[in-house]
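Labels for the chains are A, B, C, D, E and F, by order of writing; each one numbers its residues from 1.
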Amino acid sequence: MKKTAIFPGSFDPYTMGHKSVVDQGLSLFDRVIVAIGINVEKRGLLTPENRVALIRDLYHDEPRVEVITYEGLTADLARRLGTPFLLRGMRNTVDFEFERNMMQLNQALNPELTTVLLFTPPEYVAISSSSVREIIAFGGDVSSFMPPGIDLKKYI
Amino acid sequence: MKKTAIFPGSFDPYTMGHKSVVDQGLSLFDRVIVAIGINVEKRGLLTPENRVALIRDLYHDEPRVEVITYEGLTADLARRLGTPFLLRGMRNTVDFEFERNMMQLNQALNPELTTVLLFTPPEYVAISSSSVREIIAFGGDVSSFMPPGIDLKKYI
Amino acid sequence: MKKTAIFPGSFDPYTMGHKSVVDQGLSLFDRVIVAIGINVEKRGLLTPENRVALIRDLYHDEPRVEVITYEGLTADLARRLGTPFLLRGMRNTVDFEFERNMMQLNQALNPELTTVLLFTPPEYVAISSSSVREIIAFGGDVSSFMPPGIDLKKYI
Amino acid sequence: MKKTAIFPGSFDPYTMGHKSVVDQGLSLFDRVIVAIGINVEKRGLLTPENRVALIRDLYHDEPRVEVITYEGLTADLARRLGTPFLLRGMRNTVDFEFERNMMQLNQALNPELTTVLLFTPPEYVAISSSSVREIIAFGGDVSSFMPPGIDLKKYI
Amino acid sequence: MKKTAIFPGSFDPYTMGHKSVVDQGLSLFDRVIVAIGINVEKRGLLTPENRVALIRDLYHDEPRVEVITYEGLTADLARRLGTPFLLRGMRNTVDFEFERNMMQLNQALNPELTTVLLFTPPEYVAISSSSVREIIAFGGDVSSFMPPGIDLKKYI
Amino acid sequence: MKKTAIFPGSFDPYTMGHKSVVDQGLSLFDRVIVAIGINVEKRGLLTPENRVALIRDLYHDEPRVEVITYEGLTADLARRLGTPFLLRGMRNTVDFEFERNMMQLNQALNPELTTVLLFTPPEYVAISSSSVREIIAFGGDVSSFMPPGIDLKKYI
């Protein structure tokens, strides 16, 4: 039976840190669905459409990665998609406490769910979407935080 | 001499996690005052009046629990109420660092204060008012996070 | 292709916490190898043979769980067994820091390795082999920490 | 009804950190029982008799503090003493994770138990019995870590 | 060769905690530049001009402390000022995780940078600019959190 | 005036992690004294003489690094050497809590002391002397954890 994992997040933008988690996830799962949670009240750096476009461009040669957007609870999304696996990366102890809470909440909402955690490699531990946005706001260069071949300017 | 503890918070809304702390606190103190801190600049999920109503409904058979609202510093509230005891629940290491800071600040403002900490039971560790609000915003079911007998919809 | 995970540890003894990780792991992997690391210089509560026996008894109806003992580095064991996946459970931030170190060390020794982390469910977070050993030393009852059907006394 | 708390530990030796917890505890409880856990296999800096003597000398004017020794599980001691309250001090996040585990284990062994946590004041956060023992082994002066009036040399 | 450290922050307002870091930094460096990062979109308690004035008033007898404002990335500021040293204080594990991230980001942007960390003394660990602002909003007295001789009201 | 830092530790053995801290320290201090604390009751992997030899071999071209051994308290060593600066590296939150305790203890014993903390670079975060010893005990290859040019076998 094919195994599918949902990799939920805002991905505003998708970074090398996210890519490192999906790369590891692809060795574990047959398919990884990058699920972009949309918050209509919050304007991001990238529009939802451009977040999708960036990730699809990155994985255009990897048919096992799909990209979708969703509104509402991740626990409900997993039910609709018919898979119990959530994939998440962890960088530090603050992430750990956050992920443990999310896991417990998700399981209260959908007892079938299993959260699978992978470590972000040490060289990408400091990279987050919010630090990328902040560096861009200050006119800095984020190319070393982005997946190779992705020019973030094209999507902003 | 009767011992009274103040249990300060926003309680927007009061959850099973809060209830588990007050339940333990009632074995320790003669009276627990649930003190709802009001921030006039911030609109919550529940109005202050409805937060009070929810907690009063929950404890209508427990005369040892009182519910009040307050503005300003908790350290000043404790002085006005004439009790040195603050009651707080702790869920994880992020809470721990926050509570330790609050304790030190409160003691600088009112050296009489003693902060009494109780563990949130493991099954309620993931429950917080903010996660309840988020799940509601996404249309999820929060009944398992609320004290038995409390229908949150009545107070929103 | 079948996916196999190594679940390394001392398992002196195997507890409900370990079982909860393997149970989740079986939904993710085709096979889980419980690999008991043997330290000849350290006398445990259970002999290596009895640790194996306990785990085999527990999984006698689950052919997808294998039990082996090994000496030496886990990174070398993974190479010999021909699988890149290490399965580990995490309970708290102290575990997190330990597991992150182990992951980085293992990857320095065997760059193929992927460490897959699963959360220990909240109700088993306090259970560890060392706490079981300590409670037994003090004459306490550990039956609620052991997998159902396992009578630890038979293996000591 | 009088409220009694058990303050369990090794107290080898009792330090200013311990005293600060008991001082706060006395405002909360009618009686605090300092319960010295004896591990017959481990030789300490102070004999159990001298640990008792030091603490009794310190509280000779405070009849609300009792000192006892015990072997076995704290959860059983609480049952024998007929009190559900364990008193513990917390210094940092490593303590937090340890205490949360202990609380959960104790509750599995004795569901009546409530663990009451107090913060060690910031100026005593670094003081532990093990650091006192280490400083003494290196010939250092520990008088600032001991309660006023206690000359540790008399008890070694 | 003279050694200069940049002490970056918002300093809204500068507190005893900041002063304790700079005091230690002056024993290590020949010169400390307090660099006030300006975020034009965020209105603070103090205007940038008044933040500068407060810090200059405090150090009017200490020519080795300079005060500047800057916009943009700290990594770029360090390049412009020609010094590789960033000075930062740390209070707790949440600060630690934040500072480690900042260090790694800064080094990706400017590989020359060295982040030098000093502990905030225990008695000032709870003091932060945001807690000072909150206490003021609630009408509390923050004089014990401010450096001696500084009357915060003059700068608001 | 020349500034000297003491870098205290067991260094059994000295690793790339230690080297990365001293390298950063040399940009900050005029001289770094690597101070090997000797515990006569504990037999290590390397003799004290060989620990000294390894570090001296590594820095034979760097006259600003000295290597000494000492017994007793680091706070006393600093007094004897006439320098107030202790240099320490930090890898994770467990290190952070340990270092904060040490800093506070050292300052109680010698109020002149300033502990200067530097981050271990992310790629060396998992390396510790104890992990090197464990890998060697299991027959693994530690060359990537050792400073370039150092063949650990020569010193064992």
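Here is the rule we go by: a residue touches a chain if its C-beta (ideal position, glycine included) is under 8 Å from a C-beta of that chain, and two chains touch if they have at least 3 such contacts.
Bear in mind the structure is a predicted one, so any value in this text is a computation, not a measurement.
Here the C-alpha atoms of chain A line up with those of chain B after a rotation of 120°, rounded in steps of 5.
Each chain gets a centre from the mean of its Cα atoms; the one farthest from the centre of chain C is E. Same interface as B-E, judged by over half of the contact pairs sharing residue numbers, among the pairs C-D, E-F or A-C: C-D. Taking the mean of C-alpha positions as each chain's centre, the chain lying farthest from the centre of chain D is A. Distance between chain B and chain C, defined via averaged C-alpha coordinates, is recorded as 39 Å. Mean C-alpha position of chain A lies 47 Å from that of chain D.
For the pair chain B and chain D, the distance between mean C-alpha positions equals 29 Å.
Annotation for chain C: residues touching 2 or more other chains are 92-94, 97, 100, 103-104, 122, 125-126.
Those chain pairs judged to touch are A-B, A-C, A-E, A-F, B-C, B-D, B-E, C-D, C-F, D-E, D-F, E-F.
Of all residues in chain A, only 92-94, 125-128, 131, 135, 138-141, 144-145 touch chain E in the complex they form. Residues 92-93, 122-123, 125-126 of chain A are the ones touching chain F in the complex. Taken in their complex, chain E has these residues touching chain F: 3, 24, 27-28, 84-85, 90, 93, 96-97, 99-100, 103-104, 114-119, 122. Contacts from chain D toward chain C in the complex involve residues 71-73, 75-76, 93-94, 97, 100-105, 108-109.
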